[in-house]
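Report on the following structure.
Each chain gets a letter, A, B, C and D, in the order it is written, and its residues are counted from 1.
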Amino acid sequence: MTMRLSSVRKTFGSHAALDDVSLEIDTGDFFVVLGPSGCGKSTLLRAIAGLEPIDSGDIHLAGTQVAGKGLHQPPEARNVGVVFQSYALWPHMSVRQNVAFPLETAKRAGTYVTARTNNCLETVELTPFADRKPADLSGGQRQRVALARCLAQGAKTVLMDEPLANLDPHLRSAMEAELAEFHKKSGSTTLFITHDQREAMALADKVALMWDGKVLQADTPEGLYDRPVNERVAGFIGRSTILSGEILAVRGERALVSLAGHAVEIPCPQDTEIGMARIIVRPEHVRTTGEDRDLETVVDRVTYRGGFWEANVRLDGQEQAVLVNIPHKAAAGDSLAISIDGGWVLPA
Amino acid sequence: MTMRLSSVRKTFGSHAALDDVSLEIDTGDFFVVLGPSGCGKSTLLRAIAGLEPIDSGDIHLAGTQVAGKGLHQPPEARNVGVVFQSYALWPHMSVRQNVAFPLETAKRAGTYVTARTNNCLETVELTPFADRKPADLSGGQRQRVALARCLAQGAKTVLMDEPLANLDPHLRSAMEAELAEFHKKSGSTTLFITHDQREAMALADKVALMWDGKVLQADTPEGLYDRPVNERVAGFIGRSTILSGEILAVRGERALVSLAGHAVEIPCPQDTEIGMARIIVRPEHVRTTGEDRDLETVVDRVTYRGGFWEANVRLDGQEQAVLVNIPHKAAAGDSLAISIDGGWVLPA
Amino acid sequence: ADVSGKLVLYTSQPNKDAQATVDAFSAANPGVEVEWVRDGTTKIMAKLRAEFEAGAPKPDLLLIADMVTMEGLKAEGRLMAHEGADVSAYDPAIMDDDKTYFSTKLITTGIVYNTNAPIKPTSYKDLLEADAKGKIAMPSPLTSGAATIHMAALTSNPDLGWAYYEGLADQGANPKGGNGGTYKAVAGGEKLYGFVVDFLPIRNKLEGAPVEFVFPEEGVSAVTEPVAILSTAQNPDAAKAFVDFLISEEGQKLASSQGYLPAHPAVAGPEGFPARQDIKLMDFDPAAALESDAANKMKFTEIFGG
Amino acid sequence: MTAIFRTERLTLVFLVLTITAICGLPLLLLFKIGLTAEGSLNIAPLLEALQSRSVLRALWHSLESSALSALFATILGTALALVIGLTNVRAKGLLVFLILLPMMIPPHVTAIAWIQALGPASPVLRWLSIAPELGSDHPLYSREGLVLLLTLQHSPLVFLLVRAALRSFPRELSDAARVSGSGATRMLVKITLPLLSPALMAGFALAFVAALGNFGINALIGIPARYTTLPVLVWRRLASFGPDVLPNVAIISVILALVALVAIVIQTVLQKRMRSALVGLPQAPLDIALGKHRLPVEALLWLFVASVLLLPAASLLATSLVKTYGLDLSLETLTLSNFAEVLWRQSVTLRAFANSTGIATLAALVIAGLSILLGYFLVSRKAGQRLMAGIAGSQAEIAFAVPGLVMSIAFILAFIRPLPIVNISLYGTLWIILIAYVSCFVAVGLKPVVAAFLQMDMSLEDAARVSGAGFGRRIRKIFAPLVAPAAASGGILVFLTAYNEVTVSALLWSTGNETIGTTIFNYEDGGYTTLAAAMSVVVVLATIVIMVAMNALTKKVPAGTIPWRS
């Protein structure tokens, strides 16, 4: 079920919604696409599903070319399951009928259809709502119907466009677990669009970050988080601060960096060279307890984050304020000593 | 601009979507409503806006009764701004026209309309899309149009139904900042529905948690997080574990609790009595470093959360696994010593 | 009397003819402004009925196809007598004894056939021959006034009677709407024979249409396009002047010039028509026809179905 | 209550009163004649009529032919709309145009043309040597023939309606079906058609009621086929000229009204069940690639258009070019004199053009406006408003179902006297015809609009209300543009229907206030078939010019308003 896109382009008017996108997704992978609003995620999904003809490039699904020069296999022939961002529920059918539709389309036996439909409705906790029309459901309930419909189809390639965006965190984790389970059991190749990084990190085998029609980096979650290829990726994934420092020495995959006059050891790419560099530091790399707190900072702004406060602190000679998690409230202007014990040197 | 609901009921068929809801929202407050999917959040908003006539109870806006026995002021007379969960953009109007509509409806001067529309479009970063039709926008862009339209209206009462659900975290924080700014400047009373607790915590003056048509607790974010009124609230807000322990002694607002044979001091409500109790413990109350780690646990499951791992660890004599954040990966079966230095004794 | 003011005329004459008639009258009576409405008899009568019902009939004068209808209106007291009218020159059979309505021309119904037809009928009975089976068109008495009178005349003829209509039904004759439709069916070759009013085939033959009109030996029935003044007329003086004009020799010549057989025996018929004295009219009593009207139509329906 | 609220209620009251005054009142006056004797209610004649064999037979024939033809028209119209709306056939604009064109020819003229074209004298069939034997029974003179012509006449109604509905169809609903694995056919059957059902229902109802009240085809085919329908029965009763004409007609009209009423009730119940608001943004319509089937499909479409349009149009044209009816068209018989006659010598022609164009346009505009308002109330979320609007809507529906001729009698009854208070008499002016058109054709314009309202996502209204927009502004800024394509389809239907109608103005026209339909009919009736044909040809050409001229508006009106422009 490998999914392969090579140099796919799709423009709306003069705007390139997909700009030379190449991706390779292995069979059975759970592949998450992240990216800011309007960067082309939904367009990517629609192109793979066959809902949007592409301008150039090729798309292969499970070894068969489905789109390319002069070729455009229609969506119904591609056998991909899709959860639409806007749900796209059929208003004239009950919840149950919506979910059963792909199964009936595939001419499955009646008892199988009933059993599987019930099963999928159970999964999304909608059994009591089975006979309602979509118009009589809440936003999150509608989204779950869309999810159940896609699950029921049981396609080997599944595309999901922010399927959990409208759910509360608990239902969301429950659904995540179900999705992971389902994914594992079915062995389907899944492309999952989300803007929730936590979700991406928790679910993904691989994550791709899209930006303005392009794929900036496709990597494992840890790779993307710990070793971003550029500032944009670093800035987008997780909370972070970008500092400038001077690389004093490189030893394998670690570099000795001078920050605000203090030397710190920080992981770095293999070909890092001595000289000025940009360094990314995340809150968990910053300590506010312990003995070696030798960097003096001033608190700029504090926000409550449930259980802890997030502080922006100013470090001498740095443009950006450093993000720090502190266990107790602090006021702007307070001084705070910190130490940095991690981070990443961005490739030049 | 105080908003007051007393004993509001609204049923769909036999299902009570709003079940005796009473709320008081102070002028200028940023009031966030949290709750699981289908609990009645959108219905609450629609009732306040006048879009859904209520079955019984009263609603007052800014000191005037707008709904009650035999009274139902129509929405257009209530002057509330609304961001709809489904956006409800007018497909025949361009983005600009959508945003300008409430201003033109209010018969504002042409130059003012133009200026303010441009300003709101700028706020939501949609200036380049001003002349598109909604159908040609991405999901997040549509949501931003809905937001801009509501901002433009400049109503003193603003109701928002998950206005940021479809945005990536960065745009989301930017929007949050804008909303906070707008809220402060305009002095409007805002009712904000979200399922993102981080958002709720960051923005809210007060948070209400809804459940199955009822308001379980309405409090400050810290109150809701630190001092939930019952297990349901505790379980819904933030990540937490509920443990059983025995209260050995109460001293003012702190209780000495015996957990797995070790005594721990934990905050408690004033009228707590000696005896068995349920205790809520959050990951930030659990230490895995330091000297006093006297509780022995076994790791059950570990999930990567970006920068740290979340572990479920088993503690002797407790049903629920305790949630712990650990800085390095651990395997299931590893043993881990922890200490608990906080939490909350749930009211009986 | 003072002949001036507005005069309202409802007529079923074709447009062109109505216009010519009104123009000629106006030329003779410049003080009168004639407002006229033209439509098929059925519609004119429907309109008039509605106006009666609403209690505000608009016309002073009625110029419509047949005497039976006039007889009916007379019986309801809707017509005004015009004692001064000079009808001495006319056949009394076509003028009302009480001088409430006056025939203005003779529109006869005879046989029309397509020139491609195998038989050239001369008698009504020729249409009962085997060759004509399935090829006969006729207007329905249920919708056409002239056909009603034709039916009344033929069935009261001792030689023909209802047996003749039954014979037509056996021939598969198919009564269609009106004269126009029948004529078109025959001219278009869809049917080959039919009953139709004289002027349609006679006029069109002159233009080259493939049709021939026959005055059968049994005679023809005729509608006489009577004119009458309504008892509710607003301008009776002008109305009387209009009636006088129509039955004057001058008025009759006008009818002839429009292509109709004038009712006045002394006025020559138009081109294509035989001389007046060569045309045999079948006996016809409008009062009796009115009385038996419903029964006739019922019988017709029984024979021909719906 | 606020002032805003009052506008809404006032508007509703105004609507109901207006429609009652122009639809209900005239009918009531007419029904009164049939149902009262000496001032008290007397339904004996009605019961008698309902037991009369001829009435029952006509009633059955009417129901049968209307239902069958409506069914076929719905199938045909929908199929055309779907093929043109959803696939990649070429020259869509032109096709739409040509499919609508037959509506431009008055129904009785179409009927005559078809009779001619398929009869023994048909030049086309003769040339193909398959013409029926001279004098033999005409194949169209049968129930099937009647149903066929009614179907052809009314399928453009359904076509326009369905096409308007397709425009507001969210693309994603089709997308979801396709990724679920369903091919085009299953998607049509399971998703598209059910979601279009309000429009299909409306189309069926419109075609049904139109066939019920159609006079031209019922008379020209039904009479020779001895297949008497209620409108023909009405005509027969009228042709008896006696004093009991009006009571008779009134009673048959009551029966027709009852049939229409039953149809309305059924339709309302069904539509309520089928109602499903389409949440989502309408996007560029589907463009299903037909692949190798495209050519055959296109060929089929063009063949259909050619046979439905060319056959009657050609025979019409041929007739208009010969000196007298019945001559074969050849170089010797060819003449333009008929055109010269109608265009230059008969002042009535141009007057009729001016009159019909004027009042048909006005009627279309007025009805489009009324429909948007009435449609809003008909789908209102307040039961009281729905009921009030439903009362008005039913009256409009009955006015459409009752044959035009009967309506014009009713109009005489209602408007012959000067209007109270203002003391102006409308009788004998063009205004009475305009009012009659509005009265009779509101139902036509209303249908597509109601279908559009039924599909609308009501949160769009909610958004406008919370933006502070009162009733008037919501109507103007939100609803009117959103249902504009449907209202325009309705308006165009009204225009086309009114432009050529014969029966409504039959008794209401007067000298100087002629309409195209009555003029053609009078030519025809007076035996000037060739002039009638010439005038019809001119009408068709003029309509084409009008339609082409409307292209210029494309940029100024909401997308989809002009059906043949996408």
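By definition in this document, a contact is a pair of C-beta atoms (placed from the backbone, for glycine too) under 8 Å apart; a residue touches a chain by one contact, two chains touch by 3 or more.
Remember, predicted model here, so these are calculated numbers, not experimental data.
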| item | value |
| --- | --- |
| Chain-chain pair with the highest tally of contacting C-beta pairs | C-D |
| CA centroid of chain B to CA centroid of chain D, Å | 55 |
| Centre distance in Å when chain C and chain D are each reduced to the mean of their C-alpha atoms | 36 |
| Separation of mean Cα positions, chain C and chain A [Å, integer] | 91 |
| Length of the line joining the C-alpha centres of chain B and chain C, rounded to whole Å | 90 |
| Overlap residues in chain A, where contacts from two or more other chains coincide | 86 |
| Chain C residues counted as touching two or more neighbouring chains | none |
| For chain D, residues that touch 2 or more chains besides their own | 279 |
| Contacting chain pairs - touch in the sense defined above | A-B, A-D, B-D, C-D |
| Chain D-facing residues of chain B, complex | 46, 49-51, 73-82, 84, 86, 88-93, 101-102, 105-106, 134-135, 149, 153, 159 |
| Residues of chain A that touch chain B when the two form their complex | 12, 34-38, 41-43, 85-86, 136-141, 143-144, 161-162, 165-172, 195-198, 201-202, 221-222, 225, 235-238, 282-284, 303-308, 327 |
| Interface residues, chain D side, partner chain C - complex | 33, 54, 57-58, 112, 115-116, 119-121, 134-138, 141, 219-220, 223-224, 226-228, 235-236, 238-243, 245-246, 249, 323-327, 333, 348, 405, 408-409, 412-413, 416-417, 427-428, 506-507, 509-511, 518, 522-529 |
| Chain D residues within the chain A interface of the complex | 170, 172-173, 175-183, 186-187, 190-191, 194-195, 197, 274, 276-280, 289 |
| Complex interface listing, chain C residues touching chain D | 14-16, 35-43, 45-47, 49-51, 53-54, 56, 58, 68-69, 72, 76, 116, 134-135, 140, 142-145, 172, 174-181, 183-184, 187-192, 199-200, 203-204, 207-211, 293-294, 297, 301, 304-306 |
